[in-house]
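Given below, in the form of structure tokens, are the structures.
In what follows, subunit A forms one complex with subunit B and a second complex with subunit C.
This part shows the complex of A and B:
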């Protein structure tokens, strides 16, 4: 009975440890994908094997290990390299229009479709 | 009604053309504009050939500090070296060299062969410390003032034009 208990406990510890490691790895991969490789053509840090990408991967790994949050890592790197390193630029005064444009177009498009449909239905009625 | 429709379609097409042409014209390369005017991080660097460390806070003692990232394996570093020696000789400026991902013996040979423009040489064996300075390749050079704020950042080898600019900034010409 004691042996089974020990085995069960060992299994639980191993699985929880593996899960923590997997979570860290997933977070790291997510961050790599959101970072632009500055020395490559259209590649993210995740896709690149360049020296720069390897260094950034190593720095991100250290920072997640030290408990830094995803947003903190992005802001650290954007402070050092500018927003250009981020694939998803943060919401700033300069980029308000950029973020709002898709929604504005969506609303305008919805209005256009609404009026066209309204008119078509009216014509069909008469 | 038909006229309004036509005008709206034309405006829309015009807007799309302008947006795309602006997007195509925009240079998609890394720019140092976001880094200039910001202070460098406070970090400790191991010193080369010495059992000591340098905290970047200590650079406040200097009116201006030129931080140069170099390695013996980097060909452009060799090319810019004479310009750094010139700056050391002619400018009221301290040059801190950061030896980047290099072998100590090769770095020592490089300095012995070409001369030493640096008042201190720090080590960055794995390149991680250089990330705190926003370095993405070498050679790179950062000019900071007494408040540790980046005044200018040079990507690539420093040329005569850059030397003139640095001397102008530090008030020598």
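This part shows the complex of A and C:
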């Protein structure tokens, strides 16, 4: 009986959470967040009030209006300003290592744990 | 006058630090006449003098003694008292002095606590800690002297950067420093433990509280920094994967891995070398972080006052630290042969360390990769939130699951936990999440999975807690409460961060005074604009009414544009109406020379829940410290 009560309580709480404002996917905002404001100290276009940010925002707005895709906008901007403007480095020569390294280390970790376990199992046999 | 006094204290402490190294080595070698009482009293005086030097600098700030360059450059007589005080650590020189103070405080406390029972071990620790203290004192005196004088004495100071004039930021650096620098003590203890061939189990027991304390402060420091960024920087964001944020997160991962491993060391006398490595790495990473920040290599909001000689000094110091540790490690590390059974608690802790290392390495790579790339190929790239989210988020799923499952396992045992309820809870949480996801209409598969597993972690932990209270295991398992709360807090944290990222609303538009903007159910009414004079700034306050037709609520928000006079800076103050479920967040900025204002309206759900979850994590940790019989 208690379990059911707990379950109901959780359900009620969940539903009341769900009633709160739903967010609409805003492509422009997403793009702003992925661009660096080149004249600021470590801020994105979305977070900056600078004139540069305003300009980029209006450029992005126009481009999405004209039906350009997200990736096209990124490559357009990086051609103009360099990859420095993109917070997500595109997969290229110079960033293969960047994207691969974390996974390589993760796999190395797996091997280490595996060998520790294997050693233990061996010891147990003798 | 204060400048001379300050110099005196600094030189006295430096001298004491040298003497402590000298006498401790002498004592370890074992002379006929013991110098132990001298060491005890010297370490006390070192604490007193170092603290006095800091208080002297603070005095300079309080009475606005502009004959000291540091005070002149970073303070102003019209500043409120609290920001005069926090100005002490709002700049490179002062914060370095604070850094040294923490080194000395930890050194003193650790020595006082342990010198009775483990004399040789604590003497060696004292030597290493004082080598660090000495190194930083030399750094302070040669490149960053906070007591340098200026002549002729200026009448007024230049003032403190206004975005630093904030209560959260007044306590953010000291908290972080207690974490960062607190890790120095187990760095020294680890080296000492290798040299003295100290028992691993005892080493674990001794450093555990220190690891926990530094972890607590580190967590709090990061939290306060996040809160500050949220309301002060006007982004509406709380974490930006900024390189400097990352360099506070890297030691945090290490500390988290470390205090889990220390448990294995304490209970099962295993993982000794790994604990040593982690202890050494934590402080090394803290110094690396400081080097990256202070050398000005990184482009970040945190970069203040940088100077190549400082960077060079820190780099040399860091290399020496690393080489010394490597040498001692290879020369003295004992061999280890420990058994680990699959499904035992120590196995899950090992898994925890595996994931922590992965998180740590990813963040580290993301932080330093652009630097190397630029040096080697002269190409500049940025690595920001999308990179970290893409790489890290998928790995949260196993972590969330294991955090619920792992604590149920027992030491040594090789059998999986036999409980039907795991599957049951997993099913329930999936059901609940699916309902939630349906209502939110979220199509991001990864976030949905994270939601399911964070719900699982929360439910599983609550269920376990409930069960253990029912069985009245309260007394026997008091330390387990700590992991209950921390893991529960983490589950909530990820749950609310995910919801926040799905449900946040953001609109950006231009308005004139008196105009309205209609967004779906919300009307935004730009009612008026007022101008006020404050003590050290002038502010323009907008009055913005937010009418929500659906919820039938009206909120009035007052974002500000502030023009500070000393130094002349414009800042934008967000106005936030915060309640337990959702924050309304408005910032306003002027568009050059027109009477149109750019208004950024945001709805940020569950911000308070995010902060509270983090506090729950911290509470869990403090619980473990408080329930110990002795520290």
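Note that in this section the second predicted complex is superposed on the first by the 94 of 126 C-alpha atoms of A that agree within 3 Å, B and C clash if a C-alpha of one lies under 4 Å from a C-alpha of the other, contacts with A are read in each partner's own complex, and residues count from 1 in each chain.
By our rule, a contact is a pair of C-beta atoms (placed from the backbone, for glycine too) under 8 Å apart; a residue touches a chain by one contact, two chains touch by 3 or more.
Quick caveat: nothing in here was measured; it's all calculated off a predicted structure.
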Is A:58 contacted by the first partner subunit B, the second partner subunit C, both or neither?
first
Looking at the overlay, what does A:79 touch: subunit B (first), subunit C (second), both, or neither?
first
Go through the superposed model and pick first if A:39 touches only subunit B, second if only subunit C, both, or neither.
first
Residue contacts with subunit A in the superposition, subunit B compared against subunit C:
C
Figure out whether A:91 sits in contact with subunit B (first) or subunit C (second), or with both, or with neither.
neither
Based on the superposed arrangement, let me know which partner A:113 touches: subunit B (first), subunit C (second), both, or neither?
second
Contacts for A:102 in the overlay, against subunit B (first) and subunit C (second): which applies, first, second, both or neither?
second
Just which bits of subunit A does subunit B share with subunit C as contact spots?
51, 82-84
In the complex, subunit B touches subunit A at residues 30-35, 38, 41, 101, 126-128, 130-134, 136-137
So in the complex, which bits of subunit C are touching subunit A?
233-237, 240, 242-243, 299-301, 303, 337, 339-342, 347, 350-351, 354, 357-358, 361-362, 365-366, 369, 373, 377, 379-387, 390-391, 395, 428, 432, 435-436, 439-441, 459, 499, 502-506, 508, 550, 572, 581-582, 589, 591-592, 598, 603, 605
Contacting residues of subunit A [partner subunit C, same complex]
7, 10-11, 14-15, 17-24, 26, 29, 33-34, 36, 41-44, 46-47, 49, 51, 54, 57, 82-89, 94-95, 97-99, 101-102, 105-106, 109-110, 112-113, 116-117, 119-120, 123-124
Which stretch or stretches of subunit A touch subunit B in the complex?
38-39, 51-52, 55-56, 58-59, 62, 77-84
